[in-house]
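What follows is a pair of complexes built around chain A, which joins chain B in one and chain C in the other.
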Partner chain A sequence: MARKINKQEVIVTGFGGQGIVLAGKILGMAAALGDHKESTLVQSYGPESRGGACCAQVIISDRVIQYPYVNMADVLVCMSQSAYEKYKDQIKPEGYLITDKDLVKPDGRREVFDIPATRMAEELGRKMMANIIMLGFVTAVSTLVSEKAAREAVNSSVPKGTEEMNLKAFTKGFEYGLSKLKGKEKKAAGKTGAIA
Partner chain B sequence: MKPQVLTGEHFINGDEACAEGAIAAGCRFFGGYPITPATEVAEQMSVRLPHVGGTFIQMEDEIAAMTSILGAAWTGIKTMTATSGPGFSLMMETVGLAIVTETPCVVVNVQRAGPSTGLPTQGAQGDMMQVRWGSHGDYEVIALAPSSPQEMFDLTITAFNLSEKYRTPVFIMSDEIVGHMSEKVVIPEARKIRTVSRVKPAGRKDRFKPYQPGLLGVAPMPAIGDGYNVHVTGLTHDEKGYPVMSVDTQKEMMDRLLGKIRNNLDDIILTEDYRLEDADVVLVSYGVSARTAYTAVEEAREMGLRVGLLRLITVWPFPEQRIRELAKRVKAFITVEINMGQISREVERCAGTVPGFTAGHHGGAVVPPDDVLKIAKEVLA
Partner chain C sequence: MTKRQQTIPEPRNRESVEFGLIMENYNIILFLCNWGPHAAYQQLQDNGYQIPPEVKMVRIPCTGRISKALLFKAFEMGADGVAIVGCNSGACRYGSGTLTAENNTEDTRSIIDLLGMGKERMRLATFLPDESGALKTFLADFCEEIKAMGKSPVLPSASRPPETSGESVRQILARYDANSCQDCGKCTASCPLALSGKAYSPRNLVSDIIRGNDTAGKINADIHACLTCGICYERCPSNVNFPEFIRDMRCILNRDGEGSDRTQPHGGFFQSLMRTMTSPAILPDRWKWLPEDIQTDPDGKILFFGGCAPYFDAFFKKHQQVNTVDIIADALRLLNFFDVRPRLMEAERCCGHDLLWSGDRTNFLRLAKLNTEMIRDLGIETVITACPECYHTMSLEYPKNGIQPGFTVMHLYTFLEHEIDKGAVTFKPLPHRITYQDSCRMNRMEEIRDLPRKLIQRLSVEQFREMKDSGLSALCCGNCAWTGCDAYTKALQVKRIRQAHDTGSDLMVTSCPKCQIHLRCAMEDPFQEAELKMEMTDLTSLIARTICWE
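Showing the complex of A and B:
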């Protein structure tokens, strides 16, 4: 029997200008250069440079990827309500739905991993780093890429001089993700309230 | 100065890889006009060329962009431009000038859906016949179709090498999907990259003929300023390069222009086979569509259908002989491309009595593998 292919498909989506494609690129880069897997990134966007719908599709696999588009995602990251509405059915039953807590109101039909990434970025003084905070969060709650590979990819992808600031943003998102996971574990174990 | 070849592993898109391939091949002039989805090629060249002693010029439009790379090529350097459909249409007149003056250069078309302005940010393969016949007159072209960012790097080098070897424009027929797709691109060490430069004339300057065929039917080419007398014209010209308005000269010139391509097909044509050995149905595809075709072959094989793929790396000159040979032993051809039938017509022309089908797309997205499988199943039912 053929060996099972370890393949994960990701959709990152939101508005143009939120750094959606960069977030996808950093994921793909972390997988390819840091974790030494195969990865591919395709993007779709409208003719306008900001404000239009924007989508990055990343596939990470241990085998060469030919068809580069995602049918059903293992991980769906939504950073706007309209993006969520458009892609919410393109996720596998066991897949992870990840949202920006303040920007997306999910329909409650499945479990959500949410983070107020944009608000946290504003608190750090740079709204445009919401994508990097989200990336840290995604790295923590999913098994897509290793933390080390993601940090290296952030470091080499952001504008020169902003590396430190962006890595700090990544850490914020990553730590938020870890505490979220702990919360879920405790919830699953039946513990609630002050203990969680 | 930054290194000329960025040896190492990169996660970059096809457009950026194309620019790096050009720099590695020795390209030192880029004249262009930005257009989605080819802008990143120009952007990358504008950043990189000044670091390697080259020149980047943003021209006033694509007509000027194309003309600028011919002028620069005659100064003895390797030149390139990059555009998409609307710009490609504007370049067509000068493409003819490049062919008749036998000027080496590389033209990249990152195709988007048309006609006209079409879908600027979405891919297609609708310019495959335009690249073959878009300029007026009768001629041969060389066009390559990369399927991945890695091939955008590799085939840009191949394009420069063919262009220098055959003194002719060579086209990279990419598409928005490959141009904007990011993947790992491995750039080898500079010493491991094979580059070709045009043959320069030697010998007495007073007896020099700039269009007298040499090796492979290609005339050595001097640079303006080398001291050789050169006359560069779009009019029908003899071996000296001067206009001669006669049928005989026209024939001589055309024989040279067509012959240098037609007599060297084995050197120019690159294809890749995937599971063709026992195939009943042959998918013919190129560029991003070949990735769909590859996936369709895998899925068909899992169902027990004997489907294989002939991937055209060189689309023009068309690999007629390969199709004719395959036609002797297969049941059908299915051409997979993002148009409603262009290269499929070439396949059908060479397939004789073997039926040909098109798994096409109107543009804006790739052909889904299921569309290909559906045709394959019907053919083999």
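Showing the complex of A and C:
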């Protein structure tokens, strides 16, 4: 018997133009370059990149990856409603569903980790940084990549001159993720508000 | 607790008490009503009874006339015990005197208890003219009890030489560049006191002081009347910092014996209280009211500095709904909500704000030194406070007056904004239309000025509407540092409350406990109560009530 392979499959999906593919690429790079694992990326070409549902499939594993396509994801990241409708069934029962809070209305059949990434990016002044905020959030709530690796990958993948801004966006998403986890933990312990 | 035990003066041993060796060292003040008990007292003397030598009797017309300030003043001046002795309830010649005395005694007792002096140091008793025997027993018993408790930890301020700065009016005029006044009068035109009808002009006041007759009565009164709210400074084209100029002038007047003592509201009770806290041997016991749900860490590096709210509540207990300790409790709950378990300082003292701004720099410095030393000894790195005045004083005035804290001072709002901005928290809907009463001290500090509004914007309320005068031109709540309270400040408060009603709001949100105390006082008007009445809550409490995890 081969020992259990630690492999996680991710689908990042949303509108074309949201930086979905870049987010997938950074995720894979972080795993490969920062965390020294194997990773693959399959990105969708074609009409999606002009505005339809767009998708990046990432696999992160500590063994060589034989087959790069994802059927059932461990982590499904949705940044648009249409993408959610299209991919919502391609997630494992124990998988994580992560969405943009303002852009996706989930059907409520499973637990969701949501973040208003696009709104937060607008508040930061650049709507296009929503993907980096989302990446920070995914880093915080999942076990895909380490924070350090993700930061380094963001730093080396974004256009020159925008590193600082993107790292700030990453931090925003990451801290939101930590708060979210803390909130879930508190809620599970029955503490929702400040006054008992 | 060990520290507390160490510093409480040891009770003298019995023998020396009996031999009368140290008896004279004790000071027990006996406020004795002229009517019922005084007759009993004289009967004792007529019968040759030697009144214990430590008892200093003060004959008074009625116990109801002895205010909390007078009762407390005795302790400030070095009394070890205070007995207030009057007529039985119902036998009072003036009707309500005994009841008033009961209330005053109860409040003052709870305050000396908060100070850690022990409320047993104060007693109220009543005697009929023929109860001399009972009076005799009472006196002996009280003296015995006080001696068992030992000397009072208070160091009378009169026994300590004041620091004399030797500063002249000319130096202060130069410091604030008052000579650059262009006589434009913008200060007077914006001064809330002038606008509420008082013959008051910052511009004239400065030119009168420049002309040199700085001891004239009117000028002194005007110096003490200023609210130090700072609108004039905001407006001044020459950038003359009028509030700080006034503050330093008050210090000079105070040094020269022209202080505001006689005109201080509440009989100067609060100044007295704060001066008492300058005694190093005082170990306040100010946290015993703390609700059980609050978690603190006795070894933490983050200290929560509460402020004087417990004393205010005890003092204003009989007034409508003054409940400012809730702000402290809610601030602590919010820290707990974000997993911060702060340390509390058992022997926390007043920050000194009110002493400094009422002109008593000497005692302000004593408090500042005691506070910073104690905080530093605990190894604290960050001090968080929810009081705008504590924040202003510790972060700005301590360093300006040569006391380097050696720890970071942070306002609770800064902490909350930082934590809430991380996300994943939300606010339950609040079925209120709200308006916001600015705190003067917070408004004049750029780094926290916008925070209350930022936080309010996050709340989910029915409506938030600003009053006519808001932000930098906001109106003061009418008093500062327990000085200058008169008909004009009342008019100002009424005007402010009307502005709040005009916004169509049903809840006024404040950020300073004193704004609440002062505006609630104005609402107690017997003629306009129904018209003025409005619910008030501190922003901290509002956040604590509605915040929740997403």
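Here, the second predicted complex is superposed on the first by the 190 of 196 C-alpha atoms of A that agree within 3 Å, B and C clash if a C-alpha of one lies under 4 Å from a C-alpha of the other, contacts with A are read in each partner's own complex, and residues count from 1 in each chain.
Quick note on the criterion: a contact is a pair of C-beta atoms (placed from the backbone, for glycine too) under 8 Å apart; a residue touches a chain by one contact, two chains touch by 3 or more.
For clarity, every value in this text was computed on a predicted model and none was experimentally measured.
Partners chain B and chain C, brought together by superposition on chain A, fit side by side with no clash.
After overlaying the two complexes on the shared chain, residue contacts for A:Pro68 are found with chain B alone; chain C is out of touch. Contacts of A:Lys184 after superposition on the shared chain: chain C is touched, whereas chain B is not.
Once chain A of one complex is fitted onto chain A of the other, the partner contacts of A:Tyr176 are limited to chain C, with no touch recorded for chain B. By the touch criterion stated above, A:Ile115 is placed in contact with chain C alone, chain B being left untouched.
Once both structures are overlaid on their shared chain A, chain B and chain C have a minimum Cα-Cα separation of 31 Å. Residue ranges of chain A in contact with chain B, taken from their complex: 25, 28-29, 32-33, 38-47, 66-69, 153. Every residue of chain A that touches chain C in the complex is listed here, in rising order: 115-116, 120, 172, 175-176, 178-180, 182-184, 186-187, 192-196.
Interface residues of chain B facing chain A in the complex, by the touch rule stated above, are 9-11, 13, 36, 120-122, 177, 180-184, 291-292, 294-295, 298, 366, 369.
Those residues of chain C lying in contact with chain A across their complex are 293, 330, 333-334, 336-337, 339, 419, 422-425, 428, 543-550.
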